[in-house]
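The structure is given below, and queries will be raised subsequently.
Chain nomenclature is as follows: A, B, C, D and E, assigned in order of appearance, with residue numbering initiated at 1 for each chain independently.
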């Protein structure tokens, strides 16, 4: 017994302590609880894994712990089980590790925020659910975590709940995710109905046992429904729209939830259920195509964004697209690999961006930055590492994982590879565009410029001078920088081999070169545009006006959804269902009955004229009827 | 009714028909007259018609229960007359009228 | 004289006691009495704590009326147990939330509250159709007065509408009950059930369908099922907080309880034949209720429509005739009782502070009253079915069962889950987020001790029921299994789609 | 002979009856009612109802009608202003009355079993002796109970017609 | 046969005892009145109460069997109804005294009339002879005519009396005509004889019986205010003094129903196929007319009048069932309705105040706060009229519809049930104004209720609830007493 339950419970305790008593606790105590709990669970993960021999070639099949039965109904038994296999191990390391770093970073970043304890409570709660998600040994437990992290992201996006845009973003995130969960849930129902269990190992072994062709329809259905869920959580087309808005939350949140961990849950889930996908090649192709399209589209949008966090947000979407491509072309391990590396460098980028924003006291628009290399050297260096990693600079983490994916894509279908490569180029370009706009050139920030639209007021030092962040912030940056440089040498695919066997045969070397070239080309282009001749972008933008406005406005997708989905539903409900259906139609009928009754009453009233002789007339009439009925008609009976 | 030369004696049905006619006349009076007293008299007419039926039937049946019955009807009629006229008196005292349709304040 | 009888009649005793006691003491007295009842009722758990008997417990069966043979026959089983406990738990809470809210004619108010408890408990434990009908009607009267006397502006309209709707439904049920008696010579549910099981009582399809519909109408109006729901929003909006609480949490369950206990088991064939259109109505109700709730400017109306949506799930679960469906339905009855009840309480708290039910009158409440905001948030999450909170378990089971019966139904029903998130979160955002206006923050103190006492038990229950469903499910499952058995007996055609081939294939592989 | 008598008195009865209905002054209605009663008394005799015939004259024509006339005089009720009929009376009452009469007549003529024609003296049960016998044997109770009826009549007269006490 | 055989025996007198007691008491009261010196309050009420209390055991304990050459037959039903009307008389007397004093019209005659009218009803319900029925009917009716116009200076009273009297005698004429035909067709006016004649080999042509039955039915239907003969009822019940209205809606009605049951379920049962459908139609018409017309009423007395029409309709459903259960149901219902309605009228009497000025529904606004006790009682009565369980009204309805379903009258049952749902609406209106409206000026000056009135009200309430909670008290008796 490895006491896996401790891993999620520790953050939960942190959440409860901070959540209930936080208001009365001093900041250091809060930090201790929050960071401490996460660090402890990180250590516990390490201990458990080493205990299971994950680092020494052990753990080649699933280790499972059963706690108690949650739901038992008929044949269906759902219990609270945690399980660890190598896939989980990777996720655990990433989540707790990166999570711990970001917690530390937040101490500095949030130091001047209101609702300090609230923030860390939420953050711990998130860790709890994320770990549940990763550890869950059956669909429903995974779903618990799945929904839970969604909740936390809702809470953290809406952290500045005084601002409408923030809470709007929160609702959007939650609801869009719900749409995804709708698919996920249906998939779970199908599984539950057809396998009478939701336990991963049982289901997967059953599926493994089946010949591919058997009821591919069912598996296609399940996998596509799962995919819907994944697109929601991992911000893939068509449900990616919430992620950019999610940047309304504090930057560490963007780093932790919306870059490193939660958004990758979809990837994890697909990898987890890979057996089912393998039974439906068709579904796999769709995964790949969805991923590829997302990667490409998001990248194009990223080209034209001016908000530094938005840029990274779209880059996240695009990178997640890569992971899906990896999964879709059957290179699950590559996908996971990229998941990890991406966690490193994207967390780094966000935290760096956070540090930059911090430096510019809340400014997020890159057009008001520039020339920061004088002020924030450490941040610059670390950010450089991150940017290089994502741009696919040789031997850096990003390159390693991305190249694997691209190679697998080439094996699968060359055109995918080319699209991927082009996207890689764009990625390199916009990341460095951001880098150069931020650190090169002259500082364009208005002195005493207070706060950007998200006002996490640094009222204490609202002066124009940008400044380097404190150690508590840059140390995590440094660590992440190291990881994103060296992360590529952690051979995840090999580690995951027991689960996802690698296909034989060395891929052609040139594939790598081309990819790398694309990356370097992107960087060069960015340098040309934003350092050598900063006037170029505008002229290009003006020449390709249409395209520019299109991508600048993110293809008007939000507007499209609003007008085709949101408006009709809300308007229809109000006008048609409520005003007409309920009030007029149904109540109308009910009241109609009432008024008819009253009408009949009115008629009868008039018969009651008060005139004796009229009553007598009625008596005669009645008599005749009675005689006719009893005396005559009766005979016929 | 069979026409032609008048028979020596008429069948009871003729008596009954007569009583029916009188009864109908009584009802008609009730429906048409406006003077409360006249209306009341129409009722008496109806009772008389009924009595005729009773007597006729008991002739047919050769039993005198009918006679007894009509005797009781007379007694009742007498009682009713006393009470009825008293009521009419009070009504007249209150309204100074015997117009039946003017006694119609109780209605919806 | 079993414990159950005591639990049943204590409220009645309390009712008379309150009438005797002086006005000033009635608040306290009601509180004490209802709490005592709750404590006593906990004793009912005993037989169900360690094992899960499928039959009746605490059964009392004595003659009430010699001819026609009407018996006072009450008993407890896994189905009624929790509903009784729900009623006894919520009554003291209702008394608590009315503490300041009710200032006029206090005595009568609490008296009626206890009378209501008497009625609903009776409904849940009567095993004699006549007795059941008696309690069914008796519970109607106090609620009528609760709405009519202590309600808001349009209370009269609402009260009368409530009474007439229910009345219209129940008279037909009375007819059906009498008809059953004339056919069987008894009102005893158990006996009639037995006759149907043994086949000694058989109806031709038409008769059975008519009887089924007669019962169904009564229950459908009470639940309420889609086209018959319009009395509910009015009743809720006008009722005082405690009224809404008891109405939503307990009285609506009378309808679903009736469906499950009587409609399904007495007329299995008709039930199965009607399942498709009833499920249709349920699904329409789920989506319709959610959509209409989406656009309500009035908090209570919104919650009321959400009830329509939630109870749609219950009905759906019942008419899937699957173990999961039934378990989920019953569990969902309890969940809805807890979470929607809590919602009404919280809305009541807001109303007591701001004296308005219009959502637009609020905004930014979270700043002055953070605790209220947190509790409201938890309740909201519970009612939109977030895992680890109660509604999730119920909704999951219902939908799992539905998927087992017909996947297409499950797809549509699941849409409701999406919309529920929309309207609840939107409500929450508009009420609690944003900047609080001056006037609002002045009149928005945080939760008082009394309010904590009222709401905390429910919140804890939400978490408990969501995380440790097995505390409740086994006894329910046993009962439902029995019900399923009874409904299967004469079953002509199955509603469930047959399991596809490959499952056998897979079994072969293992 | 009997037939002729029947014809005569029937004619009188019907004519007086019609007169009762068409007359607008109560007095003339009352007198025509007396006429009807007299005619009926004669017919009773034909049917062998000696006692009843006598009672008819004494009780009805004698007592009751006198009472009527007395009241009419007392209230000196004048002629009705004009003959108005309640629409209901006209459109509902009259046609139904015809139907009513039609049905009864049909019954009398068609359904009623034909029986021997009415001959004077064929039935002896109507003598005072016979009536008295059955009245004090079989019909003793009703006869006694009618006293209560009379009592009530007196009481009613007192209650309704007496002067105010205060 | 020697006269001696016809002399009444003690048994005859014993079986006639209740009537005797009441008559004697009535006469006694008249003497007392004559002797009463001016201005001294009469104690006739006391005498009446005593007489009724005495008559009660006499009625309950009288041995069953024929009396006075089969003029009367004391059977279960006779006992049931005799007891019922006597109890009714008791309650009415209780609820009258305060009223009469309030209108300072208290005089012995009133009580004497009540007693006599009860005598008439007793005779009706125990009569086995159309003669007796007729005389009893007349006694009860003529007394009622006078009572309806008791306050002779009140125009409403006069009009009520006149309408009741004229239409009543009019209907009686039809009844008599029917009796004549029955006599002609069957050769007897004795109910047993009639039945024998119908089932005997030489049965008279059914059509004749039919006509006779129809005419008799008209006469009785008028008394029980069944549609379309109900015209008089609302006007009379509205115009008459409130306690008298209470009496009229219950006493004569119950007696008339008893006669209806005796004649139709008893003697005419052989030709049930002819009359049952007619009563079916009549029942439905009565329920509909009563309930729907009541919806529009704003005067409580008038509303209760219509409601009494509707309830007559329900009882007719039981009659239409034409079965033992049916008659038992009718009997039970009449009993339950008696308590309920007298109680309701008693409360209305109290609330209406001197000269019955406040009988509009709106005058009842907020009475629940001024007079919680009385309001609560009225609530019980109204709930019973609606037919809410644990009240006599509910169980009565339940049993009636049970009987109807027994006799396969499914549609009549359904329509009746729906009717009772409609009825809920107008009864609720009274509750609404009493409880949900704020008090108006009319309730400011309300003297405390007199002791006797309270006895009447609470007594009826107890009765109503007892019949609802322990129906067996009466139901078993009714079942045993039921015809067939």
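The criterion applied here is as follows: a residue touches a chain if its C-beta (ideal position, glycine included) is under 8 Å from a C-beta of that chain, and two chains touch if they have at least 3 such contacts.
Fair warning: this is a prediction, and the values are worked out from it, not measured in the lab.
Chains making contact with chain B as well as with chain C: A, E.
Greatest centre-to-centre distance from chain A is found for D, with centres as Cα means. Inter-chain contacts peak for the pair B-D, counting C-beta pairs in contact. The central chain here, found by comparing per-chain C-alpha centres with the mean of all protein C-alpha atoms, is C.
If each chain is reduced to the centroid of its CA atoms, chain C and chain D end up 71 Å from each other.
Chain E has its Cα centroid 27 Å from the Cα centroid of chain B. Between chain C and chain E the centroid-to-centroid distance comes to 44 Å (mean Cα coordinates, whole Å). Distance between chain A and chain E, defined via averaged C-alpha coordinates, is recorded as 78 Å. In chain C, no position touches at least two other chains.
Residues of chain E in contact with at least two other chains: 131, 135, 138, 142, 145-146, 149, 152-153, 161-163, 166, 170, 184, 207-208, 211, 234-235, 293, 296, 425. Counting partners per residue, chain A has 605, 608-614, 616-618, 620-621, 623, 627, 631-632 as the residues that reach two or more other chains. Touching chain pairs in this entry, ordered by label, are A-B, A-C, A-D, A-E, B-D, B-E, C-E, D-E.
By the touch rule above, chain D contacts chain A in their complex via residues 85-86, 88-89, 92-93, 96-97, 99-100, 103, 107.
Listing the residues of chain A that touch chain E in their complex gives 594, 597-598, 600-602, 604-605, 607-608, 610, 612, 614-616, 618-619, 621-623, 625-627, 629-632, 634-635, 637. Within the complex formed with chain D, the chain A residues making contact are 609, 611, 613-614, 616-618, 620-621, 623-624, 627-628, 631-632.
Contacts from chain A toward chain C in the complex involve residues 68-76, 140, 143-144, 147-148, 151, 154, 158, 161-162, 164, 167-168, 170-171, 174-175, 178-179, 181-182, 185-186, 188-190, 192-195, 206, 209-210, 214-215, 218, 569-570, 572-574, 577-578, 581-582, 586-587, 590. Considering their complex, residues 103-104, 107, 111-113, 136-142, 145-146, 148-149, 151-153, 155-156, 158-160, 164-166 of chain D touch chain E.
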